[in-house]
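Alright, structures below, take your time with them.
Paired with chain B in one complex and with chain C in the other, chain A is shared by the two complexes that follow.
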Partner chain A sequence: MLHIVNKSPFDTGSLASVLRVAKKDGGAVLLIEDGVYAAVKSSATEASLKAAGMPVYVLQADADARGLQSKLMEGVNMVDYGGFVDLVAGHDNVQSWL
Partner chain B sequence: MKIAIMVNEGPYTHQATDSAYQFAKAAIAKGHEITRVFFYHDGVNNGTRLTVPPQDDRHIVNRWSEMGTQHNIDLVICIAAAQRRGLLDENEAKRQGKNADNIAPGFRISGLGQLVEAGIQSDRLVVFGD
Partner chain C sequence: MSDEMDFEEGGTVKKFMFVNRKAPYGTIYALEGLEVVLISAAFDQDVSLAFVDDGVFQLVKGQKTDGVEMKNFSPTYRALEGYDIEKLYVDRESLEARGLTEDDLLVDVQVMSAAEMGDMMAQQDVLISF
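Let's look at the complex of A and B:
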């Protein structure tokens, strides 16, 4: 399942919920909109993302819009909207954690 | 692949509708079919043709209208959410005794059943909201 998180981890517990309950096998996390703040290098959430146990993707356009191009942690995968589409097509289910 | 989209936020208030539009555009470019976009809650405000943004800003409503017409996408506005927020098509305006309607081209007003059907008939349902 693809888990889409569009909230900053400093606003809501959406990302924490995903990391707590998501089935790791075959799962992936996609950070969009303010969700991209979770992937900032040296942030409080870096360790939890590194320990996610599943791939983490960041929507490039939303990271760029927030000036985070060079400030993201290592180990996350950048995708454009086409990559977003591929992730949706490549997982049997998609869950937006609104 | 058949992909349906749900939009729960209005234009110019939250990024959701912009994200949904960019996603739909990319999906079409990759050869996928967007079967339906269902506008719910404040998302119904994406379908009023009376929207007049400044000239240097994107026209979110027209953008959806054009995409819907060009790619034969069913743009559905939830009727209960629409009535609460003052969105009426010609029929609804008549039925409610109002002297105007404001639905944008390419959009239609229908019920939640259309969301359920989109979920059943599409391979994926992607939700954008707050």
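Let's look at the complex of A and C:
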């Protein structure tokens, strides 16, 4: 299951819910739009994302728009729009946590 | 004469604070708020901006929006000085929780504690929230 999060973790509990509920086996997290703020290094959310137990992907265009090019934590995977499509196609199911 | 008349004559200057608490691109609030701030500059009032919670993300350096095909409005914050809007207040705790420091911001701001921010807010005549 690919879990897509598009909300700031400082504003809503979407990401926290994913990390609490999602089945880790076969799971992955894709951060888009304001969801990308979760991956800023030294932020309050860095530790929880590191402990996700699933691969974490960040949409590059959304990180760039927000000025985060050099501010993201180690261990996340950057994807472009093509990579987004590949992730969706590569998982059995997709859940958008609005 | 009514306050409104005084306002039109420029006789009454009130303290306006615009409180920004949203990240810049996920919703329209930040851009709309900035538009209203620019309009307010035409009325010769005592205007300040506060950045709290995700609002601090509005001021992050290096925003590059080509990939999302949205307008990068962050340079506008640097132009506020030209409209005599120079009071930009940033909540320190909000910065720290988000892994940011003052050096990550694209304009000169006054970073302050929550208590100081509360004092600033308490001094205002009008608070407008975005």
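As a convention for this text, the second predicted complex is superposed on the first by the 98 of 98 C-alpha atoms of A that agree within 3 Å, B and C clash if a C-alpha of one lies under 4 Å from a C-alpha of the other, contacts with A are read in each partner's own complex, and residues count from 1 in each chain.
The rule we apply is simple: a contact is a pair of C-beta atoms (placed from the backbone, for glycine too) under 8 Å apart; a residue touches a chain by one contact, two chains touch by 3 or more.
Values in this document were obtained by computation on a predicted structure and should not be read as measured data.
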| item | value |
| --- | --- |
| Three-chain arrangement built on chain A, chain B and chain C clash or fit | fit |
| Which superposed partner A:Phe84 touches (first chain B, second chain C, both, neither) | first |
| Partner chain(s) touched by A:Ser14 [first = chain B, second = chain C, both, neither] | neither |
| When both partners are placed on the shared chain, which of chain B and chain C touches more of chain A | C |
| Inter-centroid angle chain B-chain A-chain C after superposition on A [Cα, multiple of 10°] | 80 |
| Partner chain(s) touched by A:Leu68 [first = chain B, second = chain C, both, neither] | second |
| Which superposed partner A:Tyr37 touches (first chain B, second chain C, both, neither) | second |
| Which of chain B and chain C A:Gln60 touches, first, second, both or neither | second |
| Partner chain(s) touched by A:Ser96 [first = chain B, second = chain C, both, neither] | first |
| First (chain B), second (chain C), both or neither touched by A:Asn6 | both |
| Chain C versus chain B - closest C-alpha approach in the superposed model, Å | 5 |
| Common interface residues of chain A - those touching chain B in one complex and chain C in the other | 6, 33, 61-62 |
| Chain A residues within the chain B interface of the complex | 4, 6, 32-33, 61-62, 80-82, 84-86, 88-89, 93-94, 96, 98 |
| Chain B residues touching chain A - in the complex, by the definition given at the top | 1, 3, 8, 15-16, 19, 22-23, 25-27, 29-30, 32, 123-130 |
| Contact set on chain C toward chain A in their complex | 22-26, 53-54, 57, 60-68, 70, 72, 74, 97-100, 104 |
| Residues of chain A defined as touching chain C within the complex | 6-8, 10-11, 33-34, 37, 40-44, 46, 60-62, 64-71 |
